[in-house]
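My questions all concern the structure below.
Labels A, B, C, D, E and F are assigned to the chains in the order they are written; within every chain, residues are numbered from 1.
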Amino acid sequence: MDRVDGRKQGQIRPVRMTPNYNKYAEGSVLIEVGDTRVICTATVEERVPPFLKGLGKGWVTAEYSMLPRATGSRTIREAARGKLGGRTMEIQRLIGRALRSVVNLEALGERSLTMDCDVIQADGGTRTASITGAYVAMIFALNRLVEQGMLEKIPVSDFIAATSVGIVKGRPVIDLCYAEDSVAEVDMNVVMTGTGRFVEIQGTGEEATFSREEMNQLLDLAAAGIEELNKVQRQVLGDIAAKIG
Amino acid sequence: MDRVDGRKQGQIRPVRMTPNYNKYAEGSVLIEVGDTRVICTATVEERVPPFLKGLGKGWVTAEYSMLPRATGSRTIREAARGKLGGRTMEIQRLIGRALRSVVNLEALGERSLTMDCDVIQADGGTRTASITGAYVAMIFALNRLVEQGMLEKIPVSDFIAATSVGIVKGRPVIDLCYAEDSVAEVDMNVVMTGTGRFVEIQGTGEEATFSREEMNQLLDLAAAGIEELNKVQRQVLGDIAAKIG
Amino acid sequence: MDRVDGRKQGQIRPVRMTPNYNKYAEGSVLIEVGDTRVICTATVEERVPPFLKGLGKGWVTAEYSMLPRATGSRTIREAARGKLGGRTMEIQRLIGRALRSVVNLEALGERSLTMDCDVIQADGGTRTASITGAYVAMIFALNRLVEQGMLEKIPVSDFIAATSVGIVKGRPVIDLCYAEDSVAEVDMNVVMTGTGRFVEIQGTGEEATFSREEMNQLLDLAAAGIEELNKVQRQVLGDIAAKIG
Amino acid sequence: MDRVDGRKQGQIRPVRMTPNYNKYAEGSVLIEVGDTRVICTATVEERVPPFLKGLGKGWVTAEYSMLPRATGSRTIREAARGKLGGRTMEIQRLIGRALRSVVNLEALGERSLTMDCDVIQADGGTRTASITGAYVAMIFALNRLVEQGMLEKIPVSDFIAATSVGIVKGRPVIDLCYAEDSVAEVDMNVVMTGTGRFVEIQGTGEEATFSREEMNQLLDLAAAGIEELNKVQRQVLGDIAAKIG
Amino acid sequence: MDRVDGRKQGQIRPVRMTPNYNKYAEGSVLIEVGDTRVICTATVEERVPPFLKGLGKGWVTAEYSMLPRATGSRTIREAARGKLGGRTMEIQRLIGRALRSVVNLEALGERSLTMDCDVIQADGGTRTASITGAYVAMIFALNRLVEQGMLEKIPVSDFIAATSVGIVKGRPVIDLCYAEDSVAEVDMNVVMTGTGRFVEIQGTGEEATFSREEMNQLLDLAAAGIEELNKVQRQVLGDIAAKIG
Amino acid sequence: MDRVDGRKQGQIRPVRMTPNYNKYAEGSVLIEVGDTRVICTATVEERVPPFLKGLGKGWVTAEYSMLPRATGSRTIREAARGKLGGRTMEIQRLIGRALRSVVNLEALGERSLTMDCDVIQADGGTRTASITGAYVAMIFALNRLVEQGMLEKIPVSDFIAATSVGIVKGRPVIDLCYAEDSVAEVDMNVVMTGTGRFVEIQGTGEEATFSREEMNQLLDLAAAGIEELNKVQRQVLGDIAAKIG
């Protein structure tokens, strides 16, 4: 019994990353996971938010947005509505938190990294693709600071990547495309490090519930998939990958 | 090695619920979990949001807010800032999703329940207390619809309650008070049914990560605590408890 | 001819104040006037608004809000609508102005008091109950500053309390409950000091007018009622009452 | 002892009204009270706000605004700040309420009058000048409806005008200019009918209080001044004045 | 073949300017072009926007607004809607840019001029009338700075005035009134200096296009009309006119 | 004397268009003009804005936005600031107006086209690239409606393309890159049809002015460049190009 797009239960979609996609950003990557496409850019600024001023620490934050026609039917721009939606805020808080879990903010110094994740086309898994891509863009930007002599080394302790898992028609699967996501009984986003530790687990049964056993199956799938994503990240980073941790 | 307030590792704080705290609402409860106090009210309206119009289904949604001085230092009102913060939106989406997981929306019919969770005093665990209390207020309101002959039976399949677990100074504990929460390495909110199934798991390591084993310990603590919360809910509901499921 | 709830023309509803209702605020009280319930908290901050910076004067301001289900039918949160309504602004300006009339702002020094009045349940007279309760919360907070040695004495010259009066079915009455308020021809809010001087009079005939004689009757009722409110305030304040003026 | 501009205690400033100041509005007047200048326009629309739909009643509402340079130093536009201030809302609610007190809304039928009061230059008393001027603009608009055969008669029972009174350096005076208003101990706005009944009294002691006797003196001054304003209104209205009441 | 109001093809409407229309502003004028009436005020402030701080340069900016009943049917206030419309922003950017083109910002020093253009009555050409009037108000304000010894000379190199031209029923005409503007195939706003140079040209064919030859005809009309406007400006400025350039 | 990037005075940058860049939109193109990159998508909806309801006419509108890191330094998202800037509104009004000038809205029927122009990377000329690209995306979408039998023919009378011209260091040039644009004395955006008629001219001298002769030189450059852009449009459209007009 294959999935809607012919994939196996534990098979992630093809992942492609185009580094330095943007000529201005300090780090950038276009990540494509199947038909999901996200431009991730890293901006370095020599200042921190007010609550960190004078503490000698840096900050990493993220913003997330979808182009109006990233989706099957056009969605109204949040700028036009005059406010960010709850889903957007939830996602950008998640991305920032995930990245910060492996960054040594003291070693970063009083500077901030803003990761912009702009979804050009959405086919499920945009938040996890954003994390996986933003991680790479962030490393590019930090490596540049090292090369410019502003940092001694990349202040990052581990890799970070993310994927979605879920229960579709009673069966646990990984990396749901939109057609699967829209009918899933359980939806779970998992962020893990390169050494297999959890950074974030968000599992939710919309109008449904799930057992401890099902949860364990989902986490097994996620762990295997994230290992594969780490490999793609290492390839794109090339020599820089060795400087992490 | 006891906790900051003398509790054992797996011990939840005293829980108290005052039913019918509000004379206007169709259902209401004041829930106190330690020093955390939340007023939960249920409002029944004979209409549904536009996206459900004409589908013969109902809706359950939630709103969450903190009084400015619910916290140690005063926080600015979201009404004064002119917009809801990301944290607020995340929490009210969580409460609504959790409650909907056990409600038969078709059986509810074209009406909506709005659960208002207003935090009068916050000492950690406000979102999980809101879920536990809002569940009871919702049942009161639904029971009233049954008594008025508008529903045949309470269209709810199971109990729902929630608690927080986390790792504090390397040790998994349940129901973190603010003093613990502010120094926790890992923070996890767990929503479960009366029959021990998961509704929602949100685990996050802010500037930290956690292992699969640690996660299992946290879920064990949560499961035991939520069973106790279910007992308190049953007591407050009295005879009505038997009409659920 | 008795009133809708059996009261006499000049009889105010039972008044109860629970001091220190909030564990964080510098001063707090839960005031209940009949079924109207308002949580009043005082927050002390060691800074003043920009327009007072460097002038050696303090400031007292107030915010007012109603929980969505404080009323018979649910009202939409101002935070959700993204702005404060005109009624809210009018009321919070009134509360602040009333309190400031008896505070020696120079003696207060460069600090500000923010009084939050959150209506938990509304049955008429929420703005006047807010003033009466906020006054007490403010005195608690100022007394604490005296005890901490930050002020020499409580910089307040007199008591302040407020009530509503109005003409209902042609007859002047005091302390209108919602059922009376909604049919009143004339509605007047009166704020007075402990020595019987006026701080604020706001009389309005919605789709009606009133004579000078009627106004005099209303003010007589108000003066008597406010004297009773002063007594309750003195009881709650206990020994602190003697330090005022 | 004369006042800052040489007036006697009970003397109002010169009042001038230019009728039909605007070529589009159904009724309009430029009112000048001393150096205070307000353009008042009446707009008639054949629809009512949602809460009145189908009730066979009309509505009268008002909006108030000041040009940025109506005042000594430039004030930021409310449109630029993105919201109406509390003072603006308070004033426009007052104007609407005052006018409605003499309009027979049933006789008006399902149509609405919107009174726009735009302050071109402000020298104290802008809200009371707005009421006095808006009343005249409203009568012009209603008379036009009579002439067009849409109303049988002007559905207004009485005249309405307003003035400010206050205590300046211990002495009650009428119609305060800005120089007086900014140092007044007590400030009171009074709206009265042509037959001497009260519509609205708003007396306030900013950082001060006032006695019953002082209040009576202020009301005596107001009553006399409003009689004079009625005369000016009658002159401007000419023959139409006889059709009121 | 005459125009709707009897004017010739190249004839502008009667122009009248009332100087010092506002008693507070540093410079002001009421400009009337036919039935279009705009109050222009200049405010001088001894500070510049953040992006110019410390650069020793000044700034000139403009704000534009229409009273709700400036038009045939009432328009909702931008303050009530909570945001500026696109048309308003476009116009105020245009006015500011036009004025800055002839001001020596270095010579102005670190101060800013804010030109407020408030349309009291609109009958076509409100943005060009605003520019023509705001120029005069600006010169008055700058001359006052010269008289106060704060500037050595008026730091303005040339005159600025503006008019509209357009193609109505196939025929190029100048200074379109609203009746013409609403049916015009091509609409062009032209801002020119006293020496006949262009500052701004905005030509647009709403649902239509235009040829190079037509554009040349329109510019010929505009140049002649703007010369006439310059004459009126010189008259109003009197002796001050000689100090420009 | 060559330009900063070696181009000749009348030479436009390399233009590349990738058709069907987005898998969901009814029409889409990625346009690249030098380093300026804009994703243009066309959305067809079977409804029109309220002001056109029931008139049997369609509508074409546009939205424009820049990714935060489209520029050298990061710009704050308009969604985060809660409102669209004046520049954005001006540009999206321009794009919509330009496209509508060649569309037969009656023939389009009661449906609307929304053109989204999202700037991925900005190096000058983003608004003109948006127009040139949006035109092609719009034709793709309209052709699809023809192929689906919903329209008889493409209801467009002519081609539309746009470019910028300007005076840089005293010399008229075409298609300014950011380095030129930021120092230009005069900046002009020109929109023309395939048959050489003007749709829109917006010429502006920021802190400068220009002569009639200079304007003529700029228009000559623009006309030649737009002819070249039309050729690229025709190539991308292939057979569809013949169905226009």
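The rule we apply is simple: a contact is a pair of C-beta atoms (placed from the backbone, for glycine too) under 8 Å apart; a residue touches a chain by one contact, two chains touch by 3 or more.
For reference, the UniProt names are A, B, C, D, E, F = Ribonuclease PH.
All values derive from a computational prediction rather than experimental measurement.
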item	value
Touching chain B and also chain F, the following chains	A
Farthest-lying chain, centroid of Cα atoms versus that of chain D	A
Chain whose average C-alpha position is farthest from chain F's own	C
Between chain E and chain B, distance of the C-alpha-averaged centres to the nearest whole Å	60
CA centroid of chain D to CA centroid of chain F, Å	51
Averaged-CA centre spacing for the pair chain F and chain E, given as whole angstrom	28
Residue list for chain D, restricted to those that touch at least two other chains	82-84
Sequence of touching chains round the ring, chain A onward through chain B	A, B, C, D, E, F
Residues of chain B that touch chain C when the two form their complex	22-25, 28, 35, 39, 41, 43, 45, 63, 65, 67-72, 74, 77-80, 82-84, 88, 114, 116, 118, 120-121
Of chain F, residues touching chain E in the complex	83-87, 89-90, 92-93, 97, 100-102, 105, 158, 188, 193, 197-212, 215, 219
